[in-house]
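Chain IDs A, B, C and D follow the sequence of writing; residue 1 opens each chain.
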Amino acid sequence: MPREDIAQFTIRSVQVLAEDGTVDEDLAPSLSDDELLDCYEAMKRARRLDERAISLQRRGELGTYAPAIGQEAAQVGSAFAMDEDDWIVPSFREQSALMVRETPPQQILEYAMGMEEGAEIPVDEHALPPAIPVGTQPLHAAGVGWGEAIQESPNVALTYFGDGATSEGDVYEALNFAGVYDAQTVFLCQNNRYAISTRLEDQTAAETLAQKAIAAGIDGVRVDGNDVLGVYRVVSEAIERARDGDPTLVEALTYRRSMHTTSDDPSVYREAAEEDEWEARDPIVRFQVYLENRGLLDEETKATIDERVESEIADAIDRVNAARDELDPADMFRHVYAEQPPELERQAAAFERKGDRDG
Amino acid sequence: MPREDIAQFTIRSVQVLAEDGTVDEDLAPSLSDDELLDCYEAMKRARRLDERAISLQRRGELGTYAPAIGQEAAQVGSAFAMDEDDWIVPSFREQSALMVRETPPQQILEYAMGMEEGAEIPVDEHALPPAIPVGTQPLHAAGVGWGEAIQESPNVALTYFGDGATSEGDVYEALNFAGVYDAQTVFLCQNNRYAISTRLEDQTAAETLAQKAIAAGIDGVRVDGNDVLGVYRVVSEAIERARDGDPTLVEALTYRRSMHTTSDDPSVYREAAEEDEWEARDPIVRFQVYLENRGLLDEETKATIDERVESEIADAIDRVNAARDELDPADMFRHVYAEQPPELERQAAAFERKGDRDG
Amino acid sequence: MADRLRMVEAVRETLRAELERDDSVVVYGEDVGRAGGVFRATEGLLDAYPDRVFDSPVAEAGIVGVGVGLAATGLRPVAEIQFQSFLYQGFHQLAQHVARIRSRTRGTVTCPMTIRTPYGGGIHALELHSESFEAGFAHVPGLTVVVPASPAETAGLLTASVRSPDPVVFLEPTRLYRSFREEVPADHELPLGEARIVDSGEDLTVVAWGSMLRETLEATAELDADIEVIDPRTISPLDTETIVESVRKTGRCVVVHEAPRTSGMAGEIIARITEDAFYYLETPVERITGYDVPVPLFAREDAYLPDADRIEAGIRRVLDRN
Amino acid sequence: MADRLRMVEAVRETLRAELERDDSVVVYGEDVGRAGGVFRATEGLLDAYPDRVFDSPVAEAGIVGVGVGLAATGLRPVAEIQFQSFLYQGFHQLAQHVARIRSRTRGTVTCPMTIRTPYGGGIHALELHSESFEAGFAHVPGLTVVVPASPAETAGLLTASVRSPDPVVFLEPTRLYRSFREEVPADHELPLGEARIVDSGEDLTVVAWGSMLRETLEATAELDADIEVIDPRTISPLDTETIVESVRKTGRCVVVHEAPRTSGMAGEIIARITEDAFYYLETPVERITGYDVPVPLFAREDAYLPDADRIEAGIRRVLDRN
């Protein structure tokens, strides 16, 4: 042998809907007009919820909130690619995807108001709650995808995480477990170029994040994350492969246009010029041009959608405010164990009596 | 773009000394005759220490011991490639490499007899003690290599770990940190095909372990780990690159010919036929044939080396037995903090008084 | 079952029975499959249940983390961590997810996972193969922490753990794995959260678990006093009542553990006794524990571990004080 | 310095001073560089010391683990973990290596590393941003665990931590980061391992640290009793003597912490008081603590955290008992 090339790998990137709103017809997914409009509406809803949430937070009515403005194509496109029984395993920025999966905006706001109610999973809904620790949930998704494989179910798990998360050992372990166990899992990395203030070049020397799949011996692919049709297509393909036990890491290249969370000020670490550049590449604008060009979206339809979204969110805000007022703090004792152990019972009683005897 | 290949990677494998003892002259490292013989002697010494250690353990004179029989080329070849001030960051199976770095066999036996004395690092010796938890020490090596870079020193760190270790998130984090910080580190993975009983295909879906480097954006290369000249060459090159801040993951493909540790019985999980196959590929035999063919090794030289090795080890055993008899158990209190805190002082005093008052 | 088994065999037969009883049980961990575990605690299970027993990659965060997902799909994960110290590699998954997914989701997602792991010292193993961190695990709300002390107890408590709707950290004292045999009834399930009164007595209470229970019994056998020995079995949630009642009766207490002294479980037990039995105490509670040093390598390990002598001396001191 | 600083500013100015004083100090962690830290605790340091301040990848095991290597080369790593709960991701590196490399090598390799991390609740942060696990860290021999309670204390203790030959886990109560200003002397170094008597008194001893100290002082201000308030400052190794002497004098004691009750540091402190001051106690020591539940999301967080009212009520109970 002396010197021999023994393995070769290629990372491919996909774009279906170009920045100018034109589409590659060969690659365009076959979505009906209604589906395309649903997709558009979901992106608008997500954007609007984020905007409202930011202003509620500014008025002190909400806690820390992580908007996904600019990432709607990556989230909505991928969530649309899932079947109803597929699992969503989100991080803390996935409101756009969660709403496609029919998490009501009320729950998202509840969570942002610091209420566990916002992380309740309805019976039969295949979802896990948002994971706050970066990079932990891909392992859960590997477990779900493995569990479904063990049970010979067709369901797959789709998990979301960021560019920063790829530095966590857990994410690598998740990819590796998925590879070993033929887990029915799709790993969607939204590379929005920042982990809070940290730029990609301080995160890894890897030129793409998709190539992290190679370490685990699974497929890796990049897609333009601001191209909702491209994301839909690539994730759909990945989901189909996952149903057969072949996991994929999809890197969706996008940009977080607003702050990391409402506690963050991006002007500290990035230039306005960069933000402007990405404003021009906004995923909603691009998709809108495409829909307009196809004659699917006129001013009236747009207005109807905007109004519907606006009133849904307004309703949600009313409902969550009401829910907050009825919050029972003693609830914190109720779900620690299936059955309350005596010591915890004692503590709960002490809490109710207040001051009689401490916890 | 629609679909575009954006990144390409190749994993190369190197062999200098073929199984039949012939050498690729283009790739052969320029080692003097004395160096070649030193290398041979180091391999013999390592083999013999392992054999003696196993039989001492069988007689109850040693604790759990992890022999590296079959892996001498990987360890000795790489350790020979280091400069005196380079750092060795070993796991628990690196006695062959450690002895090249002049850890006396006595210390190795002390460690195997459960004495902390075996993990003492002499002043100015650039080494860390053996890491028992799998996959933890590559991070230390990344830190050493980064620290040397910060201080603009030419020293590099060479760390050893196994195929199983590559599944640990820590190893991936180490590669990634090294890539980001241009750490002066070489990561040497001895792929001996087993992590205790676990075969490579249950460890990862990756076809090579060298490709795990791609995830971190650093170089990855495979070498025949039973070819001491190949290992020397590949690791030398990696070390030179590391001096310039380019870390490398080297996968040395080898085979653990004996048990995982003296607590392990490999016949439970692998076939004798497989072991026989690898006996034929033994790294010492191959190197011996080469040296004989080059006229460097005759029966007399072999006998001299064997005798020297034998008596060194016998001496070491005598010394360690003496050291064991003088062991002060109260020593366990002395090195927990630089200065003993009062509570620990009290516990140490209680220990000495025995029974007067407990810790 | 109903055989005379060693502890490690009780583990194995319990897992076998639970795999048989419940299709949703899956067993996985490093080397648990083809090799049957480094202590042979899972020997034969892969052959018997090839679709539900798995060798895992060497990745403890992974082993713990995938359990959350397996459980979400309706499976009942029973994972082995090869030695307790290596559960530290997955401590974040344990504390951030396994322990709290129930409370995070108001009971709508749960993680009925059992994590078995060899625990404690006394077998002259390698570095970091002899630790006991039960106090740290007990400080994480939502976890159940169990330490069995005999083969039958192991079967009973492990059965309950596998069946528990909550996550259990099941710490198996390696030193007891093969140390003695005991009759183990079939389909034996013991309640979690209930201490066992191993010996009844009036003069003094000793609280001890795992291999320290055996040392304690050796010590009390030497003593000419009427000693009550309590094995909490479940370290968390702790059965305060049994301990407190005993101390109210005896007025004297010694708590034993092999974990380092500072911030160990003895502190918690002493606090509970202080809260609920202070006025019954005739003399301060003593604790006999490991020292505040890393467990030394095995040549010095015996000096670290509390043994029957130290326990006996401690009991004598507490008995002699008035 | 010698300015009136907030706690977060005291952190920053201390780090600046240590970077200036000692070329071997390196500061790194997630977002500590260009952004100056999510709490701005490292603002301006990258500009001032561009070769010794680094943004890290999001990888806490890595952040802790590389510290062992940095230290081996003679550097003095000062790492930030963005929130205390995320130190769990690196707990194995902390317990298996950082804490014990000195004892493993009989003092020939050491790890003088400081790990700073925001700690505790009360700022209405996200899930897992409000935990306090000091008891778990204190259970690991070899670590020094510090919790400061004011800007000047922060400067003094952080200076000592950075200069310490041993690894320090430095837990910064986020709730106090910006809550008040205090005169901070220049080059202020306070001893580690020594408690501070914050208020002297004869009637009762309260032991409290971090933001619970402030709640305690609010509570004692309401009380018409002569209360001694002790801030241990160093949680481990704990200054037993100061606490025990105080309790011997007052005969009554309340221990306060916001961590969950079970297996928290109050247990350890009560055990030490039991050992060394039992016969001086007029009434059992009480503890006022967080409940044994995961810290809830912030809408319920105030119900979880001990506050001045609960502490005051607890002190009253202990004072009123006889």
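Here, a residue touches a chain if its C-beta (ideal position, glycine included) is under 8 Å from a C-beta of that chain, and two chains touch if they have at least 3 such contacts.
Just so it is clear, the model here is predicted, and its values are computed rather than measured.
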item: Most widely separated chain from chain C, with each centre as the mean of CA atoms; value: A
item: Whole-Å gap separating chain C and chain D, where each centre is the average of the chain's CA atoms; value: 30
item: Inter-chain centre distance, chain A versus chain D - centres from mean C-alpha coordinates, in Å; value: 35
item: Centroid distance [mean C-alpha coordinates] between chain D and chain B, Å; value: 39
item: Sequence positions of chain A contacting 2 or more other chains; value: 116, 132-133, 167-170, 173, 176, 180, 202-204, 331-332, 336, 343-344
item: Multi-partner residues of chain D (at least 2 other chains); value: 56-57, 59, 61-62, 85-86, 89, 92, 96, 103-104, 127-128, 141-142, 237-238, 262, 286-287, 291-294, 296
item: Chain-level touch network, classified as line, ring, star, complete or other; value: complete
item: Of chain D, residues touching chain B in the complex; value: 26, 51-52, 54, 56-57, 59, 61-62, 65-75, 77, 92-93, 96-97, 101-110, 141-142, 144, 164-166, 193, 237-241
item: Sites on chain A touched by chain C in the complex; value: 87, 89, 116-117, 119-123, 128-129, 131-133, 136, 139-148, 150-151, 153, 157, 169-170, 173-174, 176-177, 180-181, 331-332, 334-338, 341-344
item: Residue numbers on chain D that touch chain C, as the complex places them; value: 85-86, 88-89, 91-92, 95-96, 99-100, 103-104, 127-128, 133, 135-136, 138-142, 236-238, 259-260, 262-271, 274-275, 278-279, 281, 283-287, 291-294, 296
item: For the chain D and chain A complex, residues of the former touching the latter; value: 30-31, 33-36, 38, 55-62, 85-86, 89, 124-129, 261-262, 286-294, 296-304, 306, 309-310, 313-314, 317
item: Parts of chain A lying in touch with chain B, wherever the complex brings them together; value: 1-16, 24, 26-27, 167-170, 172-173, 176, 179-180, 202-208, 210-218, 222, 224
